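Heads up, the next two complexes both have subunit A, just with different partners, subunit B and then subunit C.
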Partner chain A sequence: MVSPLVAVLLIFLVLPIVLIVIVSFWRATEFSIIPAFEFDNYAFLFGSPVTYTVFLNTFKYALITWAFTLLIGFTVAYYLAFHIRSLTWQIALFLLCTIPFWTSNIIRMISWIPFLGRNGIANATLISWGVIDEPIEWLLFSDFAVILAFVHLYTLFMVVPIFNTMMRIDKSLIEAARDAGANGAQILWNVIIPLTKPGIMIGTIFVVTLVMGDFITVRFMSGSQSANVGRLISNEIALLQYPSASATAIVLLVTVLITIGILLRFVDIRKEL
Partner chain B sequence: MTKYTHRNGLSRRALLKGAASTAVAAGSTTLGAPMLWAQNIKDVKLRQFGTGVSNLNDVAMKVQEDLGFTLEMTALDTDSVTQRAATQPNSFDIADIEYFICKKVWAAGNLQAMDTTKIDNYDKIAGTFRSGLLTPESTIAQGTAPHTVGFTSGANGTDFVQEESGWMTLIPTIYNADTLGIRPDLIGRPISNWSELLNPEFKGKASILDISSIGIMDMAMVVESMGEYTYPDKGNMTQEEIDLTIGIFTEAKQNGQFRAFWKSFDESVNLMASGEVVIQSMWSPAITAVKSQGIPCVYQPLEEGYRSWGGGLGISAALSGIELDAAYEYINWYLSGWVGGYLMRQGYYSAVPETSKEFMSADEWGFWYEGKAAEGDILSPTGDKLAGAGEVRDGGSFLERMGSVVCWNSVMDENQYMVRKWNEFIAA
Partner chain C sequence: MEPRPRSFYVLSAFFAVFILFLYGPTITIGILSFQGEGGGLTFPMRGVSLYWFYDLFEQQAVGDIWGSFRRSFVLGLMVMLVTVVVSVMGGLAFRRKFPGSNILFYLIITSLVIPSILISLGVGLLFSQSGLDVHWSTSGFGAQLTWTLPFGLLIMFAVFNRFDKSYEEAARDLGASPWQTLRHVVLPIIAPSLIGVALFGFTLSYDEFARTLLTSGSYNTLPLEIYGMTTNVTSPVLYALGTLTTVFSFIIIGVFLCIALIANRRRARQSSDAGKGHI
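Let's turn to the complex of A and B:
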């Protein structure tokens, strides 16, 4: 008998993906899509230089966001796990980290706009302090703004799994390292980081897939000026080009799967958990 | 995904009508005798969707008050409206869409043709929507002019016909002449050409809208104004012309000319009000919204003329029986003046100006329609002051503004190619 889980996965995961694959070979007119088996959508996708720029841009966002969220996330988790002694405080501070998540993603993102704008709070403050004479233009509607929003939105996805693995590290290992004469940096590098790898990897997968699949953050924070693959797909859907949107989605899916496949080469999550 | 409901035949509609209420089945022009089903109609709920410009809660409330049935409004951005009209025929009863959208979706068969003999004020509908001529001497502007996609051959027509056939695809409600919006206080000099949008003086302070069928026309106006190229017909470009047009704008984008692109009305308001942008494609009520915050903003008339658009109400193919009657009654009510007056006070033109006049003060009519100086304060429908005594509407009277229209929002033969190129422009 097919287990319920398999049935659910088949209906809600496999079937939609199969449909997307099928539609990606169809043909579109302005108001309808016609079943066909053509490679036109893929030919146009791979034939356009913009596609490569956009994929490159998607990787750029993912990589930079990953670096920042890892740095910040690791630091926060480290502080929570090793510097805060009492469990009550650990939990309290951990909950504090989640407060921004009580409002919606989009609101957290949009609230940056008045802050970073040409006449926004950041520029007004810097001018009143005499740090700058002219408003800084690249604060808003730029790659800077996009990455800032990504880091803000997704750092917690790094903190949680890293904190989780750190809490499971046997404290006696650290004491043993210290007794053996290791200094703080050596303990961090040779004991804590290797043992935190699964957490880092899970956080990495979260952040990378979220950033690669995002479109709304890029649209709002870049003022529609930059694009990643998600935005390409959302534009195509908006213009009723479902088959080409499907083709782009399939290419993105394959790209993300390859990326995760490579990531999983570094750490065997199953073994470590 | 591509399953479309078929257009209802008249026989089926009549049958359903009969089943719904024998009283209704008796008379085919129900509008003369609404009292027969006055009880039933209270239970009717019509679902309307459209762009934010005319999907106003005030209208829904007034419908409830005047007609007694419920109108449920959904406001979406232009692309989502097109998407819904084309792919989700069962999700709406009334489609409040633009004529260029109609050109895209009509052939899908999700809307039904409307019998003009059931439209009380059909004869008062502006010429632009019927013969295409604003005045008998007018020339028709380039692009998808409303009358070219306004009529179909019969009750079940999926084509467009060029004469007044008695079957309309959309009942026209609203139209306007669009131009660039500017912040005069931040620019500090007169602006009189479309080419100013790409003037390096406004580097990082310009914006254009990200809706392909409208944006491409704004682009064409700019390209012609710059003297780069004169289109034989900018409403129907060739692939080379599309490449050229979008090429010029892609270069400007990469040089940092644009601060942002906008997709929905409120985004354009925020860009302008916050001073992020000083010159951009804009819609009339967006100007109104900026002004009502006390920020100077001008809908600048330009030498090359205006880009125009028109919208109307379409009825879902799935609608029949008492709902269909209610829909006709709603449309007749729509054209009877109250909504027209409301829209005119926002800076649009009503497709039936005569009836709207009765719902406006003489001063309002003079200011908005005739281009006369205001005698007292001109207020928006929501009560914000838009102009004081002595002020004149940007661009002047109805005939001056609509008479200077040189193109309509367009769906071209090469639309498929254009939207792909447009997508590349946005991603470039």
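Let's turn to the complex of A and C:
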């Protein structure tokens, strides 16, 4: 029963990773890559100050995006799970939140242009209100735009797992807390949040890995002015420097897997499904 | 019914703003794609016309939009079919422990969290080093499966975690063979969730960009074509294309939701007549 699954994962996941590891020790000339076993690619990677800046930038994006998606995602899930009283409405509003997930990410990025551009809606509105005299330049093609796009694209990945765990909280626990004299904030902090932790963790895993592995959002929304590790790799690929791209990719993969390993200590995914 | 607390209204407003945040930009480019002939990438509208949609149908200089749409559509169907079949088989297998089931589970998680560019790079290298040509229907197809299968499998795990085994036992007690139990008992019960898996399979494939970047070869899929356009097209024709693909996505989602709704209705109508009896 599992053989097709094993076959797909072996050919398109395990073998490619093994190959990337092998190629990361190869040597590149200007026009070809040569099998070798040398640590030059890694030595260069860890010797370059750019690497550290870029990795730091990647963590910065991940952390800020995580904070925003968690705050927004938790609030939305909380509203749907505890304030909407009929199941039909819950499903309808939940679907309304998830539909954008099934449409194209690139189109959703493009659709920020008329908002954030120099003569875009945001600037025009602010000028007409008299808040600013000249258009703000940093709305589009900046770190601000990158984070905005990340939050726009990935908040859903927080809403869905958090909503899923919240729906399984026994409502009598909340009544018990209220009967014992807890106020709304205390119920939220001492009952709901602890019970929602698995959902929060799963959402965190999604958001952190998606942001850390991204290269297209950063490229598009920063107008090629900012970089993260994904962009570093895609630039090296564009220059046909496959060995150094592979070395960077392996370091990124190890970083992501360590992060996930730490997060998985807090949650048993199989039990939470 | 107890009265709504004040926090309900605050949160309702927050939710409304969130929905606006989600849909606002898409709606904006929807409006702007009807921009007049002399119009630019932002407001004001200079007239209302279908000019940019016509442009989309005529202009061939940018690339092969319709060819790429056709490829993406076929690829989406292929990925959808394989995702459903393999996820169901995997879900069934994972109901009991088997040698290596833990390793396989962590492989599935890895497949989900691995940065897409590694799949793109790795599969690209695999094909080039073994002398094969990358093509959207081979390497691109496989690379996309590493993204859709984990979603399909996680849904199946969730479904089987809630599956009541006594239905199968009842079937077995009545003398059904394992295949009959699967065909007439298990599959009909899980059918509605399969619609969800299919929706994930198709849409994730249809919109996938990163994993097909280095694995689709010389024939682009639609997201790659659109991405290419963003670097050299600076007219509302981009919005027209964006609007069309989004409308197409909405239609696909709508079709799947309707199928799910009809399936649910039918099941409710044909549900058990136990206890009604003949009096």
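The rule is short, and it goes like this: the second predicted complex is superposed on the first by the 256 of 273 C-alpha atoms of A that agree within 3 Å, B and C clash if a C-alpha of one lies under 4 Å from a C-alpha of the other, contacts with A are read in each partner's own complex, and residues count from 1 in each chain.
Throughout what follows, contacts are C-beta pairs under 8 Å (C-beta built on N, C-alpha and C of every residue); 3 or more make two chains touch, one makes a residue touch a chain.
These numbers come from a predicted model, not from an experiment.
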item: Partner chain(s) touched by A:223 [first = subunit B, second = subunit C, both, neither]; value: first
item: First, second, both or neither for A:100, with subunit B first and subunit C second; value: second
item: First, second, both or neither for A:129, with subunit B first and subunit C second; value: neither
item: Subunit B versus subunit C, judged by how many residues of subunit A each one touches; value: C
item: Which of subunit B and subunit C A:117 touches, first, second, both or neither; value: both
item: First, second, both or neither for A:23, with subunit B first and subunit C second; value: both
item: First (subunit B), second (subunit C), both or neither touched by A:242; value: both
item: First, second, both or neither for A:48, with subunit B first and subunit C second; value: first
item: Those residues of subunit A which subunit B touches in one complex and subunit C touches in the other; value: 23, 113-114, 117, 119-120, 237, 242
item: Subunit A to subunit B touching residues, read off their complex; value: 23, 28-34, 44, 48, 50, 53-54, 113-114, 117-120, 137, 140-141, 222-225, 227, 231-232, 235-242, 244
item: Touch list for subunit C against partner subunit A, complex; value: 1, 4-5, 7-8, 11-12, 14-15, 18-19, 21-26, 28-29, 32, 41-43, 85-86, 89-90, 92-94, 98, 104-105, 107-119, 121-123, 125-126, 129, 142-143, 145-146, 149, 153-154, 157-158, 161, 199, 203, 206-207, 209-210, 213-214, 223, 226-227, 230, 238-239, 242, 245-246, 249-250, 252-253, 257
item: Touch list for subunit A against partner subunit C, complex; value: 1-2, 4-6, 8-9, 11-17, 19-20, 23, 72, 75-76, 78-80, 83, 85, 93, 95-97, 99-100, 102-108, 110-115, 117, 119-121, 124, 152, 155, 184, 205, 209, 212-216, 220, 230, 233-234, 237, 242, 245-246, 249, 252-253, 256-257, 260, 269-270, 273
item: Residue ranges of subunit B in contact with subunit A within the complex; value: 1-2, 4, 79-80, 82-83, 86-87, 104-105, 107-108, 204, 207, 210, 212, 253, 258-263, 270-271, 274-276, 411, 415-416, 419-420, 422-424, 426-428
